[in-house]
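Remarks on the structure that follows.
First chain written, first letter: the chains are A, B, C and D, and each begins at residue 1.
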Amino acid sequence: MELGLIGLGRMGANMALRLQRAGHKCIGYARHAETVEKRLKEGAISAGATSLSELVGQLKPPRTVWLMIPAASVDATLEQLIPLLSPDDVVVDGGNSFYQDDIRRAATLKEHGIHYLDVGTSGGVWGLERGYCLMIGGEAEIVQRLEPLFEALAPGLQAAPRTPGREQVGGTAEHGYLHCGPHGAGHFVKMVHNGIEYGIMAAYAEGFNILRHANIGKHPEEIDAETTPLRNPEYYQYDFNLADIAELWRRGSVIASWLLDLTAHALLTDPDLSQFAGRVSDSGEGRWTIKAAIDEAVPAGVLSTALYERFASRGEADFADKLLSAMRFEFGGHHEKQG
Amino acid sequence: MELGLIGLGRMGANMALRLQRAGHKCIGYARHAETVEKRLKEGAISAGATSLSELVGQLKPPRTVWLMIPAASVDATLEQLIPLLSPDDVVVDGGNSFYQDDIRRAATLKEHGIHYLDVGTSGGVWGLERGYCLMIGGEAEIVQRLEPLFEALAPGLQAAPRTPGREQVGGTAEHGYLHCGPHGAGHFVKMVHNGIEYGIMAAYAEGFNILRHANIGKHPEEIDAETTPLRNPEYYQYDFNLADIAELWRRGSVIASWLLDLTAHALLTDPDLSQFAGRVSDSGEGRWTIKAAIDEAVPAGVLSTALYERFASRGEADFADKLLSAMRFEFGGHHEKQG
Amino acid sequence: MELGLIGLGRMGANMALRLQRAGHKCIGYARHAETVEKRLKEGAISAGATSLSELVGQLKPPRTVWLMIPAASVDATLEQLIPLLSPDDVVVDGGNSFYQDDIRRAATLKEHGIHYLDVGTSGGVWGLERGYCLMIGGEAEIVQRLEPLFEALAPGLQAAPRTPGREQVGGTAEHGYLHCGPHGAGHFVKMVHNGIEYGIMAAYAEGFNILRHANIGKHPEEIDAETTPLRNPEYYQYDFNLADIAELWRRGSVIASWLLDLTAHALLTDPDLSQFAGRVSDSGEGRWTIKAAIDEAVPAGVLSTALYERFASRGEADFADKLLSAMRFEFGGHHEKQG
Amino acid sequence: MELGLIGLGRMGANMALRLQRAGHKCIGYARHAETVEKRLKEGAISAGATSLSELVGQLKPPRTVWLMIPAASVDATLEQLIPLLSPDDVVVDGGNSFYQDDIRRAATLKEHGIHYLDVGTSGGVWGLERGYCLMIGGEAEIVQRLEPLFEALAPGLQAAPRTPGREQVGGTAEHGYLHCGPHGAGHFVKMVHNGIEYGIMAAYAEGFNILRHANIGKHPEEIDAETTPLRNPEYYQYDFNLADIAELWRRGSVIASWLLDLTAHALLTDPDLSQFAGRVSDSGEGRWTIKAAIDEAVPAGVLSTALYERFASRGEADFADKLLSAMRFEFGGHHEKQG
């Protein structure tokens, strides 16, 4: 198939390359002409365009235009695209848009007879080789029309052992792409995926932090009047090799996962993680997941805690902490301990 | 009544003064002779002692010896005291001991015919004027024997409006002291009291932090690629006066409390709380409360979260945070944003 | 002053009565004529109206119309009101509206020259006697115009001991009402007030639950293969009197509060709380507080946990729990223990 | 090698079978003679014993005796074993003991010249085929002595793709077994493993619960006065196929894991999980992990929340919830909504 790709950053370029390798034809556009040229040389795209109208002009109707751009730029891009497109064309948003925006955008495009798919995409920098997990929202017939693209991007059946019983059900899920529901469904599922991701990451992070401090009984000097003495220092005398433990858990344990694979690599390379300061960013999906949970009245304690730990890592709890110290001073005359 | 008081720090001295004002006679001992002299001059004690044997010698049997010393010093002090005391004497631990230690200590003292009471004491630096809330564990007859002391220390009935219906039940609870149960019961109740204290303090701290950041929509420059843009900055344009809001809530609101009174004072004095760094200490009770909850299989999410926020305020989450950044780098090539 | 009051439910009627007692004149409207008549007889209102136009007709311009109606009815009522009102009239929303709605409504009313105030009101069924805590958003001159009403509704300075230092600052906060900021500020502050309320309530609830289960060591029969045995049952032998402990903490302790006063009464009346099933409702404010915290990137672990505990109390975690049991069965062959 | 195996339950029998398949010789003992006979027929053991002395008698010194019994039975079994064993024999505890017990037991056995290893074992019912992940604590030379057994039980290098860079480091971790440190280290690491397991499981459970309720906008009838109306029901109209989504995420996504593999199977088999009631058990490790975190002052919000969700699933929050309803009734006259 042929598609126009808007956005040739690392993520878009890798997806284009995987599509081209599978025999599809990508015509690419990026804001900077050098980017387009670079991707042409890499073979990620078959042809380039230096404007949206040039891009659209190179595609045979009904067209497929795939956006791989920051969520904040989608509306502006659509505004430019709409007059250039024709009825029955398809716009795909493969970025990290908020699913409620998808619903609005799909309605706007529909007024012009243009179709819209939202495709949540997971895979990161590894997707080129491993394939991309695709969560798709929109009309069934349009999903079907673009199925060759999804098949090429997705990891495919052989990427994991088959779930017993799945052979009787079939479907595309076990190939790594899925039509999840109407407009917004794809990004909704991707949103929750990221929410879960935060929770799992935090579970490992907390656990390894407990292992790392398991030698606290060796440092009695840290104890003073404002600190509770450790009752049994003899139980905290372990100097664990975290890289080895992460590696160990990759085989046979209940908590083996791809994130653990990455953790094992990170700890092997830099056991103290000294290249990181511990200021953890969060993208919108983790936040939106919590808001959805609240709208649904579904308890999401683990996912929220994981999100807040990221906020706190960036100093966002500082004023709250100062207020706690202020209250302690007010009722007990406690002065803060110096760090 | 007459009692021997071991430990003449701020807390012990204030309690002694309140007891003396009520007509009781305190004989005080502290490790440093100057402390004893100082408390004599202040009128907190009627007589001083420079050794435990001197202290015990000045008391008529059956004696009452009240400890107001750090929990970590109690066992050593008891070891010295036991040979000096006689059967039917009473030892009171008014400090912040772990209730399981009370059970052990009571058994040890009982072997020598000595009674033991654990008295959890709340009131901080305000207790001298407001009175102390006393949570008592031990044998009923011994609690009764010392009731005049408890009555003098406690705030008394008039310190709060009477609970409707309480007049038909009576009891000492509404006077501010209570025999809570057998050995350890006093410190168990005090432990949970402090656990609740952490939770309430954190509720206020988080709430005021949300108010303080309600102007975040005015600072769009803080947004970049690694930060989710605020979708509706127009909704976060408030510059709240936190001192005024704390004051406001003191009257008529559902969340009026003594801790709020203190918060209002702290924010009035130093609206930015700039004299605090936000490194919040925690005493043992908060930790033991969570351990008790776990032993009982009782969910304690709020109290645990409050405790962990204190840990995190002291940098104890740092390695976990670094690991999160490391994972993000591994799967997405995300570099940490500089603070 | 004279005001028109729309909504004569319990809350509205009590507020009207307090206003009338202070010499103000309330003209009341409710959807059911019987309600209006009832409130007339009670003296809560001086005159009644059976339609909005009748109500508006009885008020001298510039009018003050105060809404005490469900948040969901405000928009419909405003639509009816706008054509009846004149420029320079004031509409007050004293209910529990979402602050972002205030901003929108104020703009709509402004187009007609009508002023708008949002007044978050705390006090519940106790407000008639104790006074109402009023959190006000809108234009300063309009707040000033209605100050006599706020003064009559608020608890007044004498309702709490003065904060040391406040006498040099003054302001209305210590009288129990406050102009918090522009449109929406009042309901924003009320929203966070309720968020804090949830956190404080949960702190007490968890703490008392730990006290209630402190006798778990007496019930060894509850232990089986799927349950971790309690290592030290001897430490959990306490049968605490929760009503007494709640009463005890009301005087001299750090955690004294109005919510504790109410808790003491509830536990005195019904120690097992057997009249409650434990399905805890939540109003919108708790949810909006968390959403605001997330928008601001402020960690709110305690407030979120408190909210989720309410969700879970209503069975909203059930499917998640089933999934946990299903996973345990999958990896370990664990069957669920019967309750 | 030859070893004596005490405990022939499902877990022990599978381990024995895997060892025998690898050429080791297992002599088995169980309390019931029929169990021993059954395992003999299955080929899990080469010979059986009907008493501990018979078992020990069949082993050539220096012996290896491996316990696969409930943690609660270990001390009693050791008491019987000690007089039967000789210096330089090795006892292995492969069950789920608390690591602090290991430290004590190792010291006791050392007095008799007997060695002790604690071996945390993960793998569940799948270990026979997949191999067991072994976390080992004790003396290095004893670990080395038993290495052939660990090698046979562990999954082996080929069970997962090699971590890039690991080939330069080597070690046994990538074979699936690891000498983690001195006595207790094995069970400490296993304890944290299970703590992390709870967190990961909860992350998935919460996420799927959010997906399951994504159609809440279709049920407006559930809204009443005590329930916050959903502001935007149009955003919650999704009927997701959870089995398909779990399957989808297994390939290419960031959250692929073995627990997700199991989840996909569970949801495929029984989409509503109707065979489960949602009363989730917890073993000791999750609890001990939190206690260790608290001793170390390490924040563990996600892991704690996961544990508390299990407690709550079994009704342990009920009294706390009743107290919340009671407070709401006290301050606002709110009656509980019927379920």
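Here is the rule we go by: a contact is a pair of C-beta atoms (placed from the backbone, for glycine too) under 8 Å apart; a residue touches a chain by one contact, two chains touch by 3 or more.
In UniProt terms, the chains line up like this: A, B, C, D = 6-phosphogluconate dehydrogenase.
Computed from a predicted structure; not experimentally measured.
Visitor: Which pair wins on C-beta contacts, C-D or B-D?
Guide: C-D
Visitor: So which chain is the furthest away from chain B, centre to centre on CA atoms?
Guide: A
Visitor: Report the inter-centroid distance (CA atoms only) between chain A and chain D in whole Å.
Guide: That gives a centre separation of 29 Å.
Visitor: Per the centroid of Cα atoms for each chain, what is the distance between chain C and chain D, given in Å?
Guide: Roughly 44 Å, centre to centre.
Visitor: From the C-alpha centre of chain B to that of chain D, how far is it in Å?
Guide: So the centre of chain B lies 38 Å away from the centre of chain D.
Visitor: Could you tell me which residues belong to chain A and also touch two or more other chains?
Guide: 124, 202, 204, 206, 209, 213, 231, 254, 258-259, 265, 282, 287, 295-301, 305, 308-309, 312, 314, 316-317, 320, 331
Visitor: For chain A, which residues count as touching chain C in their complex?
Guide: Going through chain A, the ones touching chain C are 254, 282, 287, 290-291, 294-301, 304-305, 307-309, 311-312, 314, 316-317, 320, 331.
Visitor: Which residues, counting only chain C, touch chain B once they are in their complex?
Guide: Within the complex, chain C contacts chain B at residues 99-100, 103, 122-124, 127, 130-135, 154-156, 159-161, 163-166, 169, 171, 173-178, 180-182, 184-185, 188-189, 192-200, 202-204, 206-207, 209-211, 213-214, 216, 230-232, 234-241, 243-245, 247-261, 264-265, 268-269, 289, 292-293, 295-303, 305-306, 308-309.
Visitor: Going by the contact rule at the top, pick out the chain B residues touching chain A in the complex.
Guide: Listed in rising order, the residues of chain B that touch chain A are 10, 70, 72, 98, 124-126, 201-202, 204-206, 208-209, 212-213, 225-229, 231, 258-259, 262-263, 265-267, 270, 273, 276-284, 287, 301, 305, 309-310, 312-334, 336-339.
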